[in-house]
Structure formats: C-alpha cells, structure tokens
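There are two complexes below, and they share chain A, which is joined by chain B in the first and by chain C in the second.
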Partner chain A sequence: MKCDKFIEALGQRVKILEVTRQYEDQVTALVELNDLPEAVRFLYYDMGGYLSTMIPNDERSINKHYALYYALSMEGGKMFEGDEIAQDEKCFVTVKVLISPESLVFPSVTPLVPACVWYEREAYDMFGLIAEGLPDKRRLVLSDDWPDNLFPLRKDAMDYRYRPDMKEHYMEPEYDFLRPEGSGMIDVPLGPLHITADEPGHFRLYCDGDTIIDADYRLFYQHRGMEKLAENRMNYDQMGYLAERVCGICGYAHAIACIEAAEKAINLEIPARAQAIRIVCSEIERLHSHLLNIGLACEVTGNYNAFMHIFRIREYSMKLAELVTGGRKTYGNVVMGGLRRDMTGHEIKESLRILHIIETQVEEVWDAVMDDQRQMKRWKGVGILDKQVARDFSPVGPNIRGSGIKRDTRYDHPYDFFKQVKFDVAVVEGGDVFAREMVRYMELKSSVSIIRQCFELMPQTAIIVDPKFHVKPENYSLAYVEAPRGENVHWIMQGSAQKVYRWRCRAATYNNWPSLRFQFRGNTIADAALIVCSLDPCYSCTERVTVVDVRSKKSKILTHNDLKAFSQTLKNSPMKDLK
Partner chain B sequence: MDFIYLLTQLVSAIIVAPLFDGISRKLRAKFQSRIGPSIFQTYYDIFKLLKRGRTKSSSTSYVYQIAPYLLFISAAAMFCTLPITYGANSSALTHFSDIFVLLYFGALFRFIFIVAGIDTANPYAGISASREGTIGFYTEEVAVICLIVVMMGTGSTGLPFISSLVQTGEYGYAIPSFAIASTAFLWVMYVETGRKPYDLAEAEQELQEGVLGEFCGKDFAIIDIAILLKQITVLGFFLVVFMPWAGLVDNPILSLVLFLVEVGFLYVMSVFIDNFGPRFTINKGMKRTMLFALAISCTSLVLYIMGI
Partner chain C sequence: MMKLLDISKKYGEITHKYPFEPYKVAENFRGKPAYIYDLCIGCAACGVACPSNAITVQLNENKSKLIWEFDCGRCIFCGRCDEVCPTGAIKLSEEFELAVKFDKSAMIQRGELEVQCCSECGKPFSAKRLVKYSLECLSKANLGEKRLEEAKSYVNVCPTCKKTATVANFTAGKEMVIE
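Right, the complex of A and B next:
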C-alpha cells in the first residue's frame, strides 16, 4: 500500500503510537508530543515532504484532548534532477499529536521546519495552544485588540454570532513590526489600504533610500468566520456553496476541494463526466485568473495598454465559464456526488471555438509584451525567491514553480480526470517576477489543451450519482486541488448528524505569504507592489457598505442586498432618510 | 493693450488645456480597445472637483494649504513668459520674457511641489517629492546646456529676440549645434511634462499619486489645472525657442491660435510615447535614458565650441 514505506521509516526514528488510514493515499501517524518536531522534520527534509497544511483541532468531546495534524505531501525534495519520489508512491502522511487541555503546550516545529511558522501562530490565536520555542509569538489571525482569553475555534468558546467589543481607536494596541536594527532607515507602510491591493494588508517596508532592506507584514484584517460557521451547522451540500465563497477568483477550486474531502471520507466515486467537467471548470478558472495576474503585472508597472488588451481576452474566458456553468463565474455547480449542470453538444462546440480565439490572442499579446524591452527590465531580476527559501517555506503554485521546483498537485497527486489527461508542468528557473509570469503563460497554454482533452475524452455518463450516504463521525480526510494560485487543501472531520465537526480550509496564498519577506529584500520601493502582485495574493470582498451623510453626521449600514436593489432600480435611495 | 493680450493668452490656454487632455485620453482609449470617455471629460472632472470641499490632515501646516495656489501662480507666470501674443517690440514685457525668468519659475514650481509633499508627512508624498527633485536633477542640466548653445549663438537671453532671429532665418536649423540641441531639448521637455514613462513622481500604482494623493476637491482641481498649464508651457518653451513659426503671423490673436494648435498637436501626439510600455524606475530606466539626452546636448555644445 502507498505510504507504508514512509510510516516504516518514521517508525525507526520515533515511536509511533497508532497508524490509521483515511484513504488510499492518506495515512495518519500518532506520535508522542515530544517527538513531534523530529517526526515532522524527518518527513519534511529527510524523506522529501512539503507541508500542505496543519490543523489544530478541539477534540475534547472525543478523546479529552486537543489535537494537531501536520499534513505533509510526500513528493520528494525536488531540489535537483531526480530528487523526487516515484509517481506511484507519492502520498500524504499526517503526523498527529494529542495535547492535554491542562498544559496546552506543544513543542514548536518551526525552528526545524520554517514552513510551520504561520500555522503555529494561528494555533495560538484560534485554540490557545502554545508553541514552545516558536521564535515569533505575535498574533497572526486575530486583531490586536481581541480579548486575551477568548479562542474562537474552541468548541465551548463562543457563539459564532458573538462579537467582542472593539476598543476605541486610540486604545488599540500597536502591532509590533519586526524592525531590523540600524539607523537611517525609513519606514514605508504599503497599506493597510493601497491602491494596487484590493484587500487590506499592511506591508511595512524598511528602506534605505529607495532600497528595501527588510519587510514585515500584518494581514488578516477581514474575517468572515467561515470555519466556525461550518461547524455543526451546515450539511455537506451547503458546505460546497460556503467554500466557493472563500475566494472570488478560485472559488470553484475551493468548492471541489471541500466537496471532495467529504466524498473521500465516504469513499464516493463520482461519474467520469462529472469529473471531466469539474476539471474543465477549474481550468477555466486558471485561464481567467492567470490572465488577470499577467494583466496586473503589466498594470502595476504602468503598462495600461497591455493590461487592457489582456483584459479584453479575459472576457472570452468569462464567456467560456458561462457556457459551462451558466454563469460568468463558475459558482453554484458542485454538489456531493457530482454536478448540477451538464453541457450540451452545442455548448461544447461553441467552447472549442472560443478556446481557439483565446489561444491565438494570448499568444499575440504575450509576444508583444515579451518584445517590450522596458517591460522585461521591470520584471527580470525583481523579487527573487531563492530555491532554498522555497524549499524551507513550502510555497505553492506559480510562486514555487517559478523558482525551478516542479511542484504541481495535478501532477504529484492527480485527482479526478487528471489521471487521464496529459499535460506538462510549467517550471521556469530564476525565481523572479518574470519567471512567475512565464509559468502563468505556459499554464495558460496547457489549460487550453487540458480543456480540449477533457471535451474529447469525457464519456456520455450521468453527471451525478445519488449521494445517499451516511457519514461516520470522527472520520476525516484531506482533499487537494491545484487552484490558479497553487494548491488548496481542505480538511474535514465529520461530526454526528451529517454535519461537519471541523473544517480547515487552507487557501493557496496562505503558504505563499511567509516567504514574501525574502522576496522583498534588496528591491526598490517601485517594485514592492509588483512583487506582491506577482505572488497573486487572494482577495476577498467585504459584503457591506456604510453610507455616511457628512452634513448631518448620520450613518446607516446597507446590506449587500439593499445596495444591489438600489443599484438596479435606483428607487428608495438610501440617502433619503438621512437628510 | 499688451497686458490684455497677455491675459487672453493665459485664459485661453487654461480653457483649452483640458480639451487636449480629453483628446489624448480618447486616443489612448482607442489604442487600448476601449471606447473611452468623452473628449470633454477633463472639464467635467475639474468642475466636479471644484465643487468639492477640502480636507487636510492634522500633520500639515500652512504650506500645504497655500501650495495649490502657489503652484497655479508659478505655472501661470511660467506660461506668461512665453512671447506669443507680444513680440520684441513690446517694451513693457520683453524684459520679463527671458529664458532665465522661465527657468526660475519652473524651479519655483518644482520647489513648491517638493515642499508640499514633505509638509504632508505622508511617506508616499515624501518619496514622490524626493523623486521630483531627482527628476529635476536629471532634466535641468540637459535643458540648460541646450539653452546655453542657443543663448551663445544668438547672444541674448530674451525669448522674443531669439524667436525673431529664428523666424527670420538669421539663426536656425542651418546651424548644426542648434539642430542637435533641439532634439535633446524636446526630449527633456517631454520628461518635464511628467507623462509616462517619466511619471515617477505621481506613479499611481507605486506611490498612490505621491504628492497629489494628499490633495482633494478644490485643491486638487487647482493643482490639476496648474499641471496642465505647466505641461503646455514646457512644450511651448520648445516651440518658442526652436520652432517659433506661429509668431510669423502679425495678428497676436491669430498667432495665439496657431500656437495652441501646435502645442495641442504635440500634446496629443505624446500619446504615442506614453501609452506603450511600463514606467521607468528612478535608478535604472530614468538614469539610463537621461544619459542619452545629456550626451546629445553635450554634442551640440561641443559643436558650438567648434564653431559650427
């Protein structure tokens, strides 16, 4: 069986208390708390693993302990040619530990495996689990004025509707940015609101003249409480719709990952046609996301002309999404057991025509951009992600493939229809902005080819199987999807009454942030926005808007629906009762 | 009478400048496969902004408050030094219309821009101000070297006098040093308009418009007009010294119309430069390209010293 080799090797290093298998390629090994750092380090560096996700969990109602799951994707270090595990041996190994609720302390893995840093900081914020030996113990997820002893994801902590009181503006604690030592430095805050970032994020750049010496950042300004919302409240069909709202761009990838985590836990095989259309949708997402990012990488350097032309092409990919799912966005299509909408022969024919247009026009515009020496000079040698840094921090997607590491979930852990589709993993050496954009361009081309293959190979079967299932409480499994920004990993532990006990959703960008600091160093302020952009950070949107009348100093909060209704009809102006 | 013409010159430039901007925006939109705004959009923008109030941050001083007016006044004064509606025979204005007066008004404009940026205590405005200073450092010496060639060649610093010499053909393109100086001069004057790829000080995506990002409403509208006027002036500076053909017409109003058409043409045609390709960075692209301009201007100076 897959994974046995790694478990055996791990067993010689540390004492394994229990081994459980979740799926054919997923195994969990329970180890003793003090062996945790060594176990993770051994699998990460010696056996060639990358950290996919880490899940803290409150299992006091199950086994009177908190649990931590370090999920590693075993695929080889990939630092040089041949440093890779054989294709049929790649799998996920999860290291599990139990933490007693009296001590709440666990030994930190971060000093040995830097990739864990954000996960361990988050474990404190959400569960109050203290990583002993963690070099950076600042808050990560929760705001700085959050009450000290309130850990939102503990089962007994709080109702999900509860909102702690906010502190007055002047009472808010200062966030402690990591400032490099030395004098003569200027702090340049990029954010919390900056014109090139649609989402709030505070990047503090420490500059000497125009050069960035070091940078630190504070993110997580917006919270939607999704993981808490899902727990014990939603059934599995509703989960898919919640998961796709995680992101405005790669929503479909989240929906598939979430639903497949549940499908895997009950061993449900969906029809081949549904698998193929799921792949088609996620590749359409890749098309429009990559076109968006290449366009933005031009726009951030001031090249509006290229940006506008790339967006013109992007419009075709939205049209393609309309043909496949019925909406410009690929939302609302995934359910347990398959899909809600099939494609007709006419729609497939029309899609092939649009694919041809996209393919030729992308090539034209890309050639024009490549010919522009000034554009190339803005991209080349900027924001370099060193290969060793990439190995240490487990970034995902074009970010790591641009550093010459061949890491692609579609290739390492083929899911759904990818077992039958042929494609080349885009890998470019260099690690700079140019390499990352080049990876995206190559993936645009491979996406077009994958969609074509899917249309050709997909059989005439049903698109949904009757999802009659009964979930077993305390089962859990991991599902992974290569979203445009990289690997999305969803982890679901099932609860009683067909509900979710714990849902951990790790979006691609979460793994890409920690290494950003190294990419900033040595570049100029002019390139800072470009470097952030080349990571393709994930944006989410606020759902409400506040209207303030300046004269009367009255304010009123509009819901999303109020605003939409007013925008459509222009009746019942929200400003009326303010005057 | 001369003063009335001068006033007409200034007012008509202020009225027409937004139209040039509107036309270039429309043209740019066509290149970008967009429909684009109406050619009167810049007027609408300015009117809308003029109706809005002003806000100011608590860290600013009076410098910030008077900066928009000072910028407008210095740009207007710069424009008035261009001898379009008056010539060498106007005794009252010829002393005012001088290359050095124009250059110093230009320096004043830049100084106010920098001081206003530093005064806001906004880090982006500060970076923007420092970049504006650096751009001046790159452009001014090229412009001055070109002008030295012209001033030595004609033996005068008075703009009306230089214009009339070039108009009559006593001094002009038959002289190689003058012809070469005109190339470098047009180049730096384009840089002075602050359009892409040289819009480092206002770089929207990097610095959120830098100094301008701190201004809003009425202040911003006034600065907008001041910058448009400065752009017209620097292009006009080139026309007055190196291509003063509009002055050949005797009627002041007619020559003003001709001048505005020429400036408008240059302004709109700049779209072919500013629409394509990304912005330069201050320590790479900017430095490298300005070295070329400097080399050209030095060539023309060497040619002048050699006597050709």
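Right, the complex of A and C next:
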C-alpha cells in the first residue's frame, strides 16, 4: 500500500506508537512527544517531504489530550533532476503527538524544519500550546490586545459570538518587530493596508538608503474566526458556502477542498462528471486569478496600458464563470456527494468560444509585455526566492515553481479528474518576479487546455451521488486542491450529528508568507510592493507608509499615493529628505 | 509599447456603457431571489434549506400571522431556496443591482400568511394555504373516498394534538386501520 515505505523508514528512526490510515494515500503515525522534531525532520529532509499543514486540536473530550498533526506531503525534495519520489508512491504522512493538558508544552520543530514556524506560533494563539525552543514566540493570529488567557479554539474557551473588550489604542501593547542589528538603518513600515488591493497587512522594512536589509510583517488584522464559526454548528451543506468565502479570489478552491475533506473522511467517491466540472470551474478561477495578478504586476510598475488590456481579457473569464455557474465570483455549486449544477451542451459550446478568445488575446498581450524592455527591467532579478529557502519553508504555487521546484498538487497528488487529464507543470528557473509571472502565463495556457480536455472526456453520468451517507465521528482526513496561489489544504475531523468537530483550513498564501522576508532582502523599497504582489497574496494595499530614520529619529508618513507613485515612476524618492 | 497600441487599435473601445445601458447577464444567472407571495404556502422549506439564514418563517408575536421574511443583506445567492420550494414561489432572478441608500430595511421583504388554528386545541400551528395545499395533494394521490374524508379532519389538527390523540387511542386499545 501507498505510504507503508515511509512508515517503515520512520519506524527505524523513532518509536511509532500507532499507525492509522485515513485514505488510500493518507496515513497518520502517532509518536512520542520527544521524538516529534526528529520524526518531522526525518520525513521532511531525509525522505523528501514538504510541510502541507499542521493542525492543533483539542481532543480532551476524546482522549483527554491536545493533539498536533504535522501533515507532510511526500513528493521528493525536487532540488535537482531525479530528486523526486515515484509518481505512484507520493502520499501524505501525518505525524501525530498527544500533549497533556497539564503541561501544554511540546518540543518545537522549527529549529530543524523552518517551515513550521507559523503553525507553531498559531498553536499558541489558538490553543495555548507552547512550543519549547521556538525562536519566535510572538503572537501571530490574534490581535495584540487579546486577553492573555483566552485561547479561542479550545472547546471550552468561549462562544463563537464572544468579543473580548478592546483596549484603548494607547493602551494597546506594541508589537515587537524583529529588527536587524546595526546603525544607519531606516525603518519603513508598509501598511496597515497593503499596496495592490485593499487588505490589511503591516510590513516593516529596514533599509539602508533605498535598499531593504530585512523585513518583518504583521498580518491577520482581519482574522474572521471561520474555523470557530463552523465547529459544532454548521452542517456540511453550509460549510461549502462558508469555505467559498475564505478568499475573495480563489474561494472555489477552498469550497472543493473543504467538501472533499469531508468526503474523503467517509471514503465517498463522487461521479466522474461532477469531478470534471469541479475541475472546469477551478480552472476558470485560475484563469481570472492569474490574469488579475499579471495585470497588477504591470500596474504596480506603472504599466497601465498593459494592465488595462489584461483586465479587458479577464472580463471574458468572469463572463465564462457566469455562464457556467451563474455567478461571476462565487460559484456555489459544490455539495457533499457531487455538484448541484450540470453543464448543458449549449454552455459547453459557448465556453469553448470564450476560451478561444482568451487564449489568443492572452498570447497577443503577453507578447507585447515581453517586448517592453522597461517592464522586463522592473521584473527581472527582483525579489528572488532562493531555491534552498524555498526548500526550507515549503512555499506553494507559482511562488515555488518560479524557483525551479516542480511542486504542483495537481501533478503530485492528482485529485478528481486530474487523473485523466494531461498537462505540463509550469516550472521556471530564476526565482524572480519575472519567473513567477512567467509561470502564471504558462498556467493560463495549460488551464485552457485542461478545460478543453475535461469537456472532451467528461462522461454522461449523474452529477451527484445519493447523499445517504453517514458521517463517522472522530474520522478525519486531508483534502488538497491546487488553487491559483498554490495548494490549499483542508483538514476535517468529523463530529456527531453531521457536524464538524474541527476544521483546519490552510490557505495557499499562509505557506508563502514566512519566506517573503528573504525575498525582500537586497531589493529597493520601490520594488517592495511589486515583490509582495508577485507572491499573489490575497491582495492588499499599503495605505500609508511611515519612514523612520533610526539615527536621527526623524520620521515621515507617506500616503498610499506617495509610495505608489514612487513605485510606478521611480522618481522623488521618499527617503531623500530623511538622509 | 507599440505592440500594445496596435492591440488597442485592433479591439477598439470596449468599455460598457453601464449604468447608462442595461447590462445583460448570462442565462441562469444567480441573482436576487424573487418572491411571489400568491404562490407561497408557508411551508418553510426554504427557511430550512437556506444556509445563511436569509429566510425565516415564523409566527408573529401575537401568533395571528405566519411571517415569511427574506433579508437580502444575508443572502448569498446560492439558490437552495429555489431548489426546494414546492410551488415555485421563490426563484432566483436576474436582478443584481441591490444597493440601498442608507435604509437597510429596504433589503427586507416580508409576506404575511393566514394561520391555521388547530381544530382541537385552537392554537395556531401552520399556514392556511399549506393545509389547503396538503389537501389538494392528497386528493390527487389516488386515495380511497373514506381515507380522504378522514384526512380532511386530521389535516386541521396540530402535531401535538395528533400525538396526544394517537397515544389516547392506543391506550384505549382502539386500532387505527389504514386502508
């Protein structure tokens, strides 16, 4: 069986207490608490794993303990040709540990596997589980004035409607940004809102002149507590819709991942036609998302002309979504057991016509953008994600594929109809903004071809199976979907009465943030917005920027427009009068 | 640079004149659910199906009316109400211009339905139209004459009284024969 090889190898390293299988490609190994770092490190570096997600869980009502699940995608290190696990052996191995509620302490894996850093910080925020040895123990998700002893995801902590009193803004504790040593450094906070669309995130750039030496950031200003909202309250009919609203751009990928996690936990196979249409819709989503990102990558560098053309083409993809699903952004057609809406012959014909337009026009515009030397200069060599950094932090999507690492969930762990469909994984060497945009362009073309193949190959079956299934409490499973930004991983542990016990939703960008710091280093502040943009975070916008000279303690607040104008024109550096 | 200008020339002006010209949405667009009061029987199927609790069907305070209420601000346009409604009283429309100026109550739509009171205890338990609808369905269901007569009396009894009656009959040793 799949996975056995890894479990056997792991067993020779550390003592495995129990092995359980969740799905044909998913097993969980329970290990002793002290063996945790070594077990994860061994699977990650020695056996070729990437960290997909980590789930802390309050299982006191089940086994009187808290549990941690480190889910690793076993696919090979992919650092060089041939450094990859055979296609039919790729799988997910989860390392599980139990933590006693008296001690609440577990050994941190981060010193050995840096990719774990955010997960372990979040484990403290949400459950009060302390990672001993974690180099960075600051809060991650909750706001700085959140009460100290309230851990919202503990089952007995609070009602989901409870809102602790906010502190007056002058009483709010200061967030402790990591800052590099040395003098002559200038502090540039970027945020609370970020530059390319309007989502909050605060970046602090440490500059020497115009060059960024290091960076730190504070995100999660808009944490909505969806996981808490869903737990024990929502049924699976409602959850698909809630998951679709995790993201304003690639929500559909979340909807499928969430529902498929529930389906996998009870081994429910959905009809082939439903699988194909799920893929069609998710590829349509990729079309509009990638066009948005390429467009914005032009816009932040001042190339309005290209931006407008790309958005003109993007409108076709929105129309396509409207045609196929009845909505431009929320497709709302996923339910447990299949789909709610079939495609008619007429819709397929019309879709093919629109796809043809998108395909030819994208080629035209891309060709023109590539021809533009000024644009290329802004993209090339900027925001480099080093291959080794990528290996250490498990980023996903175009972000890692632009660094020459062939990671794509559709290829590594083909789900749904991807077992039938053929496509080439877009991999570009270089790791700069250009490489990432190139990956996106190549994926636009492969998405068009994937949709066409689905239309050709999808059988005339029903689109939903008889939903007479019984959810088994305490069953859990992972589901993974390649969203436009990379792999989305959802983990569901089922509870009684058709409700979920624990839902862990890990969006693609969560894995991309921790390595951003390295991408900033050595670039100029004019490129900061572009670098963040090329990550394709669920967009946000630097509303204003404060510039602080650490030596003279002079500071200056730049508005959103100041910084944006500087990024676009490269004239009138905001640092000028501070030096 | 020049290539982009050529492309602009090729495709010309594409900006849509909206809102000065209507915007045509795709067939089967999922817009605001449209409610047809005359068809609604107050069965509450839509309220049960609605994932975001946009539709509620409840008795009003003095229990004189059954209130069907739809809050467009909560609606996520999923179309489940449309799927489950037995009479087609609620259907997704093509309407997408939903903004209201200041007054949020403009987003709320209500329908008041006559209540049916229980013939035994006199308490309201359902909508008159639902009872009528049930009878209509039964009369089309190929039941025997006698059964139909029986049905006419028990559709007017509330679930609580029905339960009490069944228990009473059972303890009294009366057999209920269903033909």
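Before moving on, here are some points about what is shown:
To be clear about the criterion, the second predicted complex is superposed on the first by the 534 of 579 C-alpha atoms of A that agree within 3 Å, B and C clash if a C-alpha of one lies under 4 Å from a C-alpha of the other, contacts with A are read in each partner's own complex, and residues count from 1 in each chain.
What we mean here is this: contacts are C-beta pairs under 8 Å (C-beta built on N, C-alpha and C of every residue); 3 or more make two chains touch, one makes a residue touch a chain.
Quick caveat, the model's predicted, so the values are computed rather than measured.
Judged by the touch definition given at the top, the superposed model places A:D210 against chain B, while chain C stays out of reach.
In the superposition on chain A, A:D367 makes contact with chain C only, while chain B stays out of contact range.
When the two complexes are overlaid on their common chain A, residue A:Y241 makes contact with chain C while staying clear of chain B.
Of the two partner chains placed by the overlay, only chain C lies in contact with A:L323; chain B stays clear of it. Using the contact criterion defined above for the overlaid structures, shared-chain residue A:D527 touches chain B, although it does not reach chain C.
In the superposition on chain A, contact of A:H309 is made with both chain B and chain C. When the two structures are aligned on the shared chain, A:E299 is found in touch with chain B, with no touch to chain C. Common to the chain B and chain C contact sets on chain A are residues 305, 309, 312, 372.
By the touch criterion given at the top, residues 237-238, 241-242, 245, 305-306, 309, 312, 319, 322-323, 325-327, 330, 332, 340, 364-365, 367-369, 371-372 of chain A touch chain C in their complex.
Residues 186-189, 194-196, 210, 298-305, 308-309, 312, 372, 374-375, 377-378, 524-529 of chain A are the ones that touch chain B when the two sit in their complex. Listing the residues of chain C that touch chain A in their complex gives 1, 3-8, 11, 14, 25-30, 49, 51-52, 76-80, 83, 92. Residues 28, 31-34, 123-124, 127, 196-197, 199-200, 203-208, 275-285 of chain B are the ones that touch chain A when the two sit in their complex.
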